Amino acid sequence: MLRTGKDYLASLRDGRQIYIGDELVTDVTTHPAFRNAARSYASLFDFKRQNEAMSFEENGERYSFYYKQPKTVDDLLFRMKGHKLLADFSYGLLGRSPDHVSSFVTGMMLKPEIFDVPEQGFRANVEAYYQYLRENDLYVTYAVHPPAGAKNWSSDAKAHLFDSPSLQVVATDDSGVTIHGMKMLATGGAFVDEVWIGNLTPLAPGREKEAITCALPINTPGITLWSRKSMEAMAESVFDNPLSSRFDESDVMLICDHVKVPWNRVFTLGNVELSRSIYVDTAGHCFGNHQSNVRFWAKLQFILGLANKIAQSGGVRNIAAVQDTLGRLAAYEASLGAMIHGQVLAHEEIGDGYILPNRRYMYGTLNWCQENYAGLCTVVRELMGGSVFQMPANVSIRSDEKLSAIFEDFWSTETDSAIDRMKLYKLAWDMLGSEFASRHLQYENFYAGPSFVVRAYSMRTAPWAMFDAIVDDLMATYDTTTREPVAA
Amino acid sequence: MLRTGKDYLASLRDGRQIYIGDELVTDVTTHPAFRNAARSYASLFDFKRQNEAMSFEENGERYSFYYKQPKTVDDLLFRMKGHKLLADFSYGLLGRSPDHVSSFVTGMMLKPEIFDVPEQGFRANVEAYYQYLRENDLYVTYAVHPPAGAKNWSSDAKAHLFDSPSLQVVATDDSGVTIHGMKMLATGGAFVDEVWIGNLTPLAPGREKEAITCALPINTPGITLWSRKSMEAMAESVFDNPLSSRFDESDVMLICDHVKVPWNRVFTLGNVELSRSIYVDTAGHCFGNHQSNVRFWAKLQFILGLANKIAQSGGVRNIAAVQDTLGRLAAYEASLGAMIHGQVLAHEEIGDGYILPNRRYMYGTLNWCQENYAGLCTVVRELMGGSVFQMPANVSIRSDEKLSAIFEDFWSTETDSAIDRMKLYKLAWDMLGSEFASRHLQYENFYAGPSFVVRAYSMRTAPWAMFDAIVDDLMATYDTTTREPVAA
Amino acid sequence: MLRTGKDYLASLRDGRQIYIGDELVTDVTTHPAFRNAARSYASLFDFKRQNEAMSFEENGERYSFYYKQPKTVDDLLFRMKGHKLLADFSYGLLGRSPDHVSSFVTGMMLKPEIFDVPEQGFRANVEAYYQYLRENDLYVTYAVHPPAGAKNWSSDAKAHLFDSPSLQVVATDDSGVTIHGMKMLATGGAFVDEVWIGNLTPLAPGREKEAITCALPINTPGITLWSRKSMEAMAESVFDNPLSSRFDESDVMLICDHVKVPWNRVFTLGNVELSRSIYVDTAGHCFGNHQSNVRFWAKLQFILGLANKIAQSGGVRNIAAVQDTLGRLAAYEASLGAMIHGQVLAHEEIGDGYILPNRRYMYGTLNWCQENYAGLCTVVRELMGGSVFQMPANVSIRSDEKLSAIFEDFWSTETDSAIDRMKLYKLAWDMLGSEFASRHLQYENFYAGPSFVVRAYSMRTAPWAMFDAIVDDLMATYDTTTREPVAA
Amino acid sequence: MLRTGKDYLASLRDGRQIYIGDELVTDVTTHPAFRNAARSYASLFDFKRQNEAMSFEENGERYSFYYKQPKTVDDLLFRMKGHKLLADFSYGLLGRSPDHVSSFVTGMMLKPEIFDVPEQGFRANVEAYYQYLRENDLYVTYAVHPPAGAKNWSSDAKAHLFDSPSLQVVATDDSGVTIHGMKMLATGGAFVDEVWIGNLTPLAPGREKEAITCALPINTPGITLWSRKSMEAMAESVFDNPLSSRFDESDVMLICDHVKVPWNRVFTLGNVELSRSIYVDTAGHCFGNHQSNVRFWAKLQFILGLANKIAQSGGVRNIAAVQDTLGRLAAYEASLGAMIHGQVLAHEEIGDGYILPNRRYMYGTLNWCQENYAGLCTVVRELMGGSVFQMPANVSIRSDEKLSAIFEDFWSTETDSAIDRMKLYKLAWDMLGSEFASRHLQYENFYAGPSFVVRAYSMRTAPWAMFDAIVDDLMATYDTTTREPVAA
């Protein structure tokens, strides 16, 4: 069943509790900090429903593309193109869109036997959860990292009620487990149906209480979400902030105050290793980050469009240095497209006929995205120059006839009207210069962890023995007595 | 005479006309978009008045340090230290602070004979203006570039009332000249006493009508200022935006609607070359950009403090990679300090016993600042990681006792209280991530022109013949017949 | 027919004329500047002959893989893997290996109708040439750029015998055309069977005389090759220079002194546009540079092996910073592998059922290789540190028993013998620090043209209209009157 | 007394023992691996003797400038200019020129009381040594690091005769101490009078036996030097390698086989902390690295000359992108000049009226040099393009009349003769592409330690408390209750 946007919107009014500062928001569909983004998600559900390429049929029922369990290159391409369509819808601005965490869960389904650890893993539960998600076309986020300060608590610090603010199991009984504490960072949390709670950050031995993986409806009693500043609320108008005003996906801290998790929603329990390996030893992490790669690609294409139009608007597109800059941007976009396709062609097998994108290639791409985002933005900002600050503060200028006339007289160029220039620069600034843009810069640099974490994935998965062998084999072809002439 | 902050504030209520969108602001001391910044400037005047190192005595009167005409290394050091104190006051955030344009004017005074071009240059006027500024301790900004689109107007475009929106002379009579049109970008314009109008961007021959240099009180009838979005207005509170809320210097477009300039305020007229050379062939450009170098230095020191405190707060300061990062930041700060001192020691003479900082070294420093600002900010943002988005939306959280308690319980670390962490991260974000920060990034990359313009100053002033001679002399020591052994 | 190494070596003794300085070399199989490289090529022919994956069967005959005209993804993969095996053989050090220019020619065969320009294009000739090359398993290089200074000759410079030193047609008769002049840079020229002469650098209108494309045996009378310094000749021993001593492919200038080209070897004549478009409007340029991408990949894998072994040898592989460096190198290698695979999956059609790697992705990859080579080498050099200069000057140290003993006592580490360390560092230095390495650095940065030329390929092939449309469509969703709340 | 070059050359024939591979060299003035460099040093002594600005008078005697103990800015400028003149002589290519280690020793003389540690420090000896050096105008190098592998020896490894190959004290008696083992890397060792042995790399507690600082004549019995490959020996001719052939300063490993050090040459003994602090807690390290900064400056100016002449020769100097590149190079050169002057103006006091360059600024400059050398070379290599490989292998081409004529006809450009072009490109390649150039690249990146070591100096000396205070003071100006409007 594919949901309509209308149904989705209705379902958001479920009593979820979100704090912005000291203000409690319970209906995100009407609150100025969230209402437009909520509508964007609703439109996205309609868009997906209307676009055949974004769902597949199984047993007479249609499911969203990201629940597809791939066995062929065409299956992987189907997923890839689905992610691309979905990301294009929001210009790559919704990082934790509905296909992200659901791809993690689907990836786990390619190797569900990893959960077969008695009393600590619950395979049937996670399989049922996967079915539940896809049957109901649900949107799920995750909160899988301890809060930043948590790791600073020494074991004997007694200043607080508990030894770490990080979410942990505080009680267990026949009906389930009780969890208490905080997890970061449930991006999209204001707009989801469900939250997956777990540990993508490795847990140290001894922290078994934190080693719970489970999932809950976002409106579960005891759950509160603490939101960062809303960029949507800060937007002056759609014209002035066409992106912040409509695509702020929200970042929220998840606080659970003695929340009861029924057993059928518990996936792993008390096993620090398992609580991490379910992501990286299945296709979960790979599927989720493949989606990120594709989403980044959509964003990059949008940025190229901005760069090209800014160059045109400024009348500098034919200057050699600008051509060179655009050529470099185009080369980068092509590199990324190539990397994503390459992951698919050089796919890996994971058993039972299932395949997944090449993990090393995906991690290489992830590193590429992280290394290049800031620089790409800087290049386009340099194309913008100081033009943005020459524009009036906001579009209200148009409401005054006299000001409007002056504006057109003085700000027009030979090729563009003043209002068209303003529209373009406001959009570009919202993408590259606004606080919304700034949050995206931070997001691209940290959503998969700091750079050393991202590179560590590449380190761990690289075939070092193969690389070493190249050198060893070469060195085996000569010794200290070799005299010329010799062949290779 | 050194003004008090109180006098300064009072003088701002002079009827100046500033548009923010379609809203007309006439009193910046009370308007939420400007009132705090106005107070910051007022405090700055008091600070300067109370600090002996920031003024000098001449003929029994005290003058602000930036009016000092230097003849010795000590004079240059006096100016340098004055700039540093003034920049420290605002953490380097007021780019066009009172010492910037006044330094340009003072720099011209070291070689006023450049104005001695009959009927096109008005030396006595500019000398009198310099005296007037320093006697009355005035704050002056400039608007010395054509609007971005202006250059796109071909000579035969007829769509507008005039052939270019760029400010130009439209009439001349016995009492003065009449100017009409737009100039960008009068940074600080909301808070100044005076605006200097001119052409730092070279004018093409044939554009003599634009080749006017003059100065006017900012409240002159016919002058309107069109402001970009106010960051101060967007600030949630001082706690949440301690910098945006108090140090937004404003960027405004200057529009002159048939404004009359009396003859004694005209400095150059109808000479395209002279209208540019008065900056770069005197000490003007050098003094003004030396100030920029010093201001950047103050900002960088502030950023180093943030970096160090963030590393401490995150408990990572002793990690090798973080030490390396801090070491690099410290090396950069020291490099900049060295460059600024080096300009002073390797000073140049300009005649009549006057000296100025080494121009080439100053341009080299300017290029260094421009090349490194984005990267320096990125490094510190990486130290911040995702922590900032884990903080509550704003300080209102403290108004609610229950939320406040939860906040302290969950967000504190062993070394820092939750509120202290929030205070630090909000400050760091305001410096590095907010829209205010983003405007600063654009500012540092463009206030002296795009990078190719900044590098062109170095190109033009470099001693290429000397560099060539090194190679030529070397090549003269050998020819094709040289046989070993040989000496160097 | 696939040649044996023995046959190949024998064929090199054909009287070709190569100058090194003023020394004329006529037998590269015995001359100390070339003999080892000649043997390396011979081994390569044997290797290719013995490896089934490097050839294909057609009409009962086996042909080298690079003559395959691809119609399916598997065909493209077959070519890609062939290139990889061939490049692995020489660690990516033979840039213009036998598969490079032959791939250009094969690429032209996918669209031979481009030669159908009466009297200026000779389709039958080039088709016959393709058959001739593959039947006889020949090795062909090209010389397709004017000498560097040629472009500086103004049309009326009379100081020389001819108006430009660049190769041109000086006579035509029934038996063929006569060419005279110089072309750069016939890399591999000392070891090839044939040289393809043409114009990859665009020719200006009016230079029709230079617009000849043809091919000749390298020993054609009148052809002389002027070689740069031989790195093989400089190698102290195989141990001290295991790469320079065996893999110096040579770079030679091609000088034709009134050389007669028979008509059947003329491919284009007197058409400046056609002389360039045969590369970029067919699959030629794409095939040839796809090979370059793959060859770079082999080299990069070799460099990763070196990096890893250096880190191990230095006992620093477990240090966090070194892990991070290795992780980054691994991410880069994976990115490149992904890009190459992506070119294949996202292939393009060119008519008649033929396909080729995605051009944009290939150009993106080419730019990536060029942008990253110097930095990758620098990283590995930094891992080496000063160790290489602590090693004895050369392996002769082993000939002296007493010195050898001292060497083992003082230079060994707990894990590695002195001689093993020396072997590794000498190899690494030959790859990254020797003059041979330095030539490779220059080669990687210029074999496809300077960086602006490489980026121009991306600029020209990018779908700018598609990128623009993303922005246009977005801007079409709102206007100045839009009032919130709104959907995306 | 200032030595003549002739005296210097004569003194080199003192029986010093240098191995190149298994060849023992005892007279560097005649051996093809060293003779030209020896003559270059001799010329340098004459140059210094003839140039008044390079020596000073004291008590009627003239001493080399680097023995000057500075008390005024003029003294520091005198030293700085002396270093510059000396570095200009060799285009910055002699890294450990006579002013390097002597500056270390002179720097120690500003605070000799650091040696006042009974039985472990020998102040009178080092003072006498300083007098001895300057009286006799001696050239001294140092060997102050353990061999690379030494640190890998665990304390219980028994495979060798001694527990570490690193040089250590093996016996002590009335006449002195006996040392045995290896030190790296006595750059210039083939050409010096004396070698200073010590520990700039910090020693771990427990390694007291290695904690000896002393100095010996280079021809002391038992000392052998093991040289790396000689670039001078590899040079084809002065024309083809104008720099390698004359400015290869040598890098040698120092091996002491039970060498006796008389007590008057022992400076510290058995004190691991003192053996390091004599460099960094006196002016020693600062003086020595200030010299390095200045030497790098000379090299950079030479590189700018090359860049400019290459641009001219290639006919591209007026292209905008090339202008931008040259402008950047000029900005960098100016930045470095500024930093060096800044060290002098912002000098520090060290007691007894002595001053030294600002240490932080010097370390910042050192980091700048290390960070930028590779990139600067890359930029100029890019200006060179592939031109260098189009040149004949070597100048022997000129010996053949016919070849010479062809060369002039084909390789000349409208502005430059073929031989002039070849001369320039051979020189540029020797500076940027030859193995000599490659050794310089490694040298600039490692002579002061790997980059993290260089940055650690900046980390340790930075005023973190001052930086923190900027932030603390700012945060003290507001709290959570602050209500607008407020002043800064």
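By letter and in written order, the chains are A, B, C and D; residue numbering begins at 1 in each of them.
In this text, contacts are C-beta pairs under 8 Å (C-beta built on N, C-alpha and C of every residue); 3 or more make two chains touch, one makes a residue touch a chain.
Since this is a predicted model, take the numbers as computed values, not measurements.
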Please identify each chain that touches chain C as well as chain D. A, B
Look at interface C-D and say which pair in A-C, A-B or A-D is its repeat, using the rule that over half of the contact pairs are identical by residue number. A-B
Could you tell me which chain lies farthest from chain D when each chain's centre is the average position of its Cα atoms? A
Quick check: more C-beta contact pairs at B-C or at B-D? B-D
With chain centres defined as C-alpha means, what is the inter-centre distance between chain B and chain D in Å? 40
I'd like the Å distance between the centres of chain B and chain C, where a centre is the mean of that chain's Cα atoms. 50
Which residue numbers or ranges of chain C touch two or more of the other chains? 320-321, 324, 395, 398, 452
Touch-based graph of the chains, sorted into line, ring, star, complete or other: complete
Please give the residue numbers of chain B that touch chain C in the complex, ascending. 320-321, 324
Quick one: in the complex, what on chain B touches chain D? 32, 35-36, 39-40, 42-44, 73, 88-91, 235, 237-239, 242, 245-247, 301-302, 304-306, 308-309, 320, 323-324, 326-328, 330-346, 358, 360-361, 363-368, 395, 398, 419, 423-424, 427, 452, 454-459, 461-462, 464, 466-472, 474-475, 477-480, 482-488
Touching residues of chain A toward chain B in the complex: what are they? 19-23, 147-149, 151-154, 157, 159-161, 165, 181-182, 184-185, 226-230, 234, 236, 240, 251, 253, 255, 314-315, 321, 374, 378, 381-382, 384-400, 403, 406, 409-416, 421, 433-435, 437-439, 441-442, 445-446, 450-452
